[in-house]
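Here the structure is laid out as structure tokens; the discussion comes afterwards.
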């Protein structure tokens, strides 16, 4: 009944939802977008957007000498890696990148059973006095970023914090704005934005689809980019596109245990039409 | 209780009863007439003028059940049970006679205390109470109690037991076995070698290891039984084994009986049905001494009761106040109530499994315990049991013919407060004309869930709470007077 | 049983790995300037310690405080507990105080089971009699994984008074769940009668077992046991079952030595062994905080889980398999998952 579904095939996911269900399926690896969705960005456009963002970062930070990229799991992490690669290609020196899991700082923890934590890794150069650029795939209500700011504050004291996102879909609930945006995609609250990346989903695409009822997608979309449901790609695992992230290897030797089981996390069933509490 | 009740039990009862269409010990439908405290007539299509009629269609009639092992807690722990509430529970369970164990406070080790208990039972008037005397003074296991005085008292004690404790000193057990020969007494041993069971909580086995509870090994029971069977044989005395709980014990008793030794044994209803894996919840309602054992033991006990190696069922009814059971396992008291559920549990464990028929139930729950307790009229005036009174062999009929008991009934040693000699009050007799009208009417087709809140016992510690069991006691008669009618107390 | 942590048998393999992975993340906290997370703010954790145990209590206290929970300490001495208040009444008091979790250490096996019937919060077993100590087993597994990279396939020897050890019971269960091979080494008097039914091997010869061992876990042996004739003298016990330098040399190079503490230096473990590089005794303590943080987070960090699966009020059935759960029982795991949400 509730057996975990390692590998995340979407045929009969742990939520019982069948593949092809309307709406986005956040968190399923190698997901096939549902039939009624439309691809808003393809791989080339994503690549160009990231390149542009990288150049913008370099411009506004005067060469990114003190920049540390911190990706918010799940998909913010490979995005941060790509940005770091592009920065290093232009400037000729490596750009530190890490990951910042915000689960413990969320304001909606009590709505669901406890969630699996994502991986946090602060580059050895730290963040004190640096310009931290938070990287995420979708900016929506802004609550994830708020949690990330709290998390950063407990780790150190950056000189400045900026935000880079691949997609800004509007509907902010907090006074938060992105410094660097890959693409603005105005959406209605009924719609669902799904970002797919090669590192996590086997392809690059930004897909827009329709959910079932008003409210449910909003909540789940929030969950989608606040708390990914697939395991973090192990940083010492298969290489990301490009050279490995700078920084020392993980302090722990690689686990020969089976990789963390595909957690059908609390992200909820996208578009399943089951209304959830509005509080996020 | 009022004096009128004292005399009413023995005097000619005013009310005649006509019980129609019951199945005595499961036999064909029969009518019974109860008058003057006796069964006066049995047959088909009987009539009786002025009789109350009870329609017994579909009901089984058994001789009133006799319990060799009950804890009535009075004097001393009246918060858990009194003689009144305990005999109410007994009547509701179909019992007309119970033996009250001696571990009261003060201990029943003198004529005074046993007479008090005997009197309390008589006054309550629901069920005959036969006090059991302690073997050792204060149950301390160091010197014999005044067994003779208790035997000579108005209570006429014949069964002696330190139950709760084992008479572990071999020399003392020998002396006790020898001493009671003078008045036909029998020592009932609670078999538990103390050195092997120090701090023991649960049967020693897989469960105790898993649960981290100190083990109570089977050998601690079996070693004492073996020793005492040999001792009884050596000195030529009678031995009764309380609450047999292991397969090994059954084998040893079977061996002892095969030698013709005067060994009898009892088993509790809970040991016929429950096993130690119930302790996994750590609920102390399952904590009992001797402990619940394994499936293998349950099967051996059932087989032993069926073939007569184990003579009878005895409840070891052990009521405890709630605060003594609603605790961590280690500090909880040992014991389970049993009077009100015994017949139903035996029904489930032995009759529904085809191991025993209703005639067998009548034998194991009435005739044989009455014989061991010397309540069936098989006792001679000197007190020495007639040959075979402590029945040894397996069969469904009573081994001994009844002896003239009038000498006993007229003995001058009786009569406290007008109460008769206990030996005048017979139990365990077959349901035929002339027998005292002690019987229970039982509906085998009923089924219900056990709810301790409905029990008459003051205590609630039954392990069968929430279980569905077959059967229901509909009526109990004590010398022709109903103590239970329609499943409820009649007095 | 995702509302309580009472036995290591309650944890499936996935549950256990989740706890270890979560602890891995939370272990980073120790290196940060601010060793605090806001996650359990407003939650109350009560430490109900009937047995003295400074080390374990402080570990749970640190874990709860690092998650910003409020901590209340009930220790046995000088409280209503010492005055004979029953466990049930203490439980009702805690309930009235609004304890979200009760961490209980008690000398009676099964006390957490009983407590769980009387409180609505989560019950965490910090050691009950001779029954179990699941967080100890978790931190032991965590330590093994950190030092040796895995638990699956490790050969673990647990040496000492198994009969009276709750650490041994929890470790045997959890290590089995995680795929390790366990061998118990002890004199026959200190092994349970039915140990052959346990999922492990048994040996009476420590020196023979050590060369094939990746992890040696030494259990504390109380010298008082010799008064009940479990062994003749402490000296003989130490000679036959103690881990001294000579025996330590029999271990493979990578092998580690563990001890739940407190140690009897010179009885079950020699001083030079306890202080050697193989010894994980000190890091076990630090790991204990991370593991307990993970447990508290997973129990309290999400929505209240309600009354599922506590077993309260279930009727007993004769000869039924009551209460005991297998590790790996499907369904009631610790992970939140989408099925749970759909069901809500």
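In order of appearance the chains are A, B and C, and numbering begins at 1 in each one.
In this section, contacts are C-beta pairs under 8 Å (C-beta built on N, C-alpha and C of every residue); 3 or more make two chains touch, one makes a residue touch a chain.
Source: prediction; values computed, not measured.
Participant: Can the chain contact pattern be summarised as a line, a ring, a star, a complete graph, or none of these (other)?
Facilitator: line
Participant: Taking each chain's centre as the average of its Cα atoms, which chain lies closest to the overall Cα centroid?
Facilitator: Per-chain C-alpha centroids compared to the overall one single out C.
Participant: What is the distance in Å between the mean C-alpha positions of chain A and chain C?
Facilitator: 36
Participant: If you average the Cα atoms of chain B and of chain C to get two centres, how far apart are those centres in Å?
Facilitator: Each chain reduced to its C-alpha mean, chain B and chain C end up 46 Å apart.
Participant: Counting in whole Å, what is the centre-to-centre distance of chain A and chain B, each centre being its mean C-alpha position?
Facilitator: Inter-chain centre distance comes to 74 Å.
Participant: Could you list, by residue number, the parts of chain C that touch chain B in their complex?
Facilitator: 86-88, 106-111, 113-114, 128-132, 166, 169, 192-195, 197-198, 311, 314-324
Participant: Which of the residues in chain C end up touching chain A in this complex?
Facilitator: 2, 14, 17-18, 21-22, 24-26, 28, 32-34, 36-39, 145-146, 149-152, 297-305, 330-342
Participant: Which of the residues in chain A come into contact with chain C in the complex?
Facilitator: Contact set of chain A toward chain C: 1-4, 13-17, 101, 104-105, 109-120, 150, 154-156, 229, 252-257, 260-261, 263-269, 272, 274, 276.
Participant: Which residues of chain B touch chain C in their complex?
Facilitator: On the chain B side, the touching residues are 204-206, 208-213, 215, 217, 273-275, 277-278, 280-283, 285-286, 295, 298, 323, 326-331, 348, 449, 463-467.
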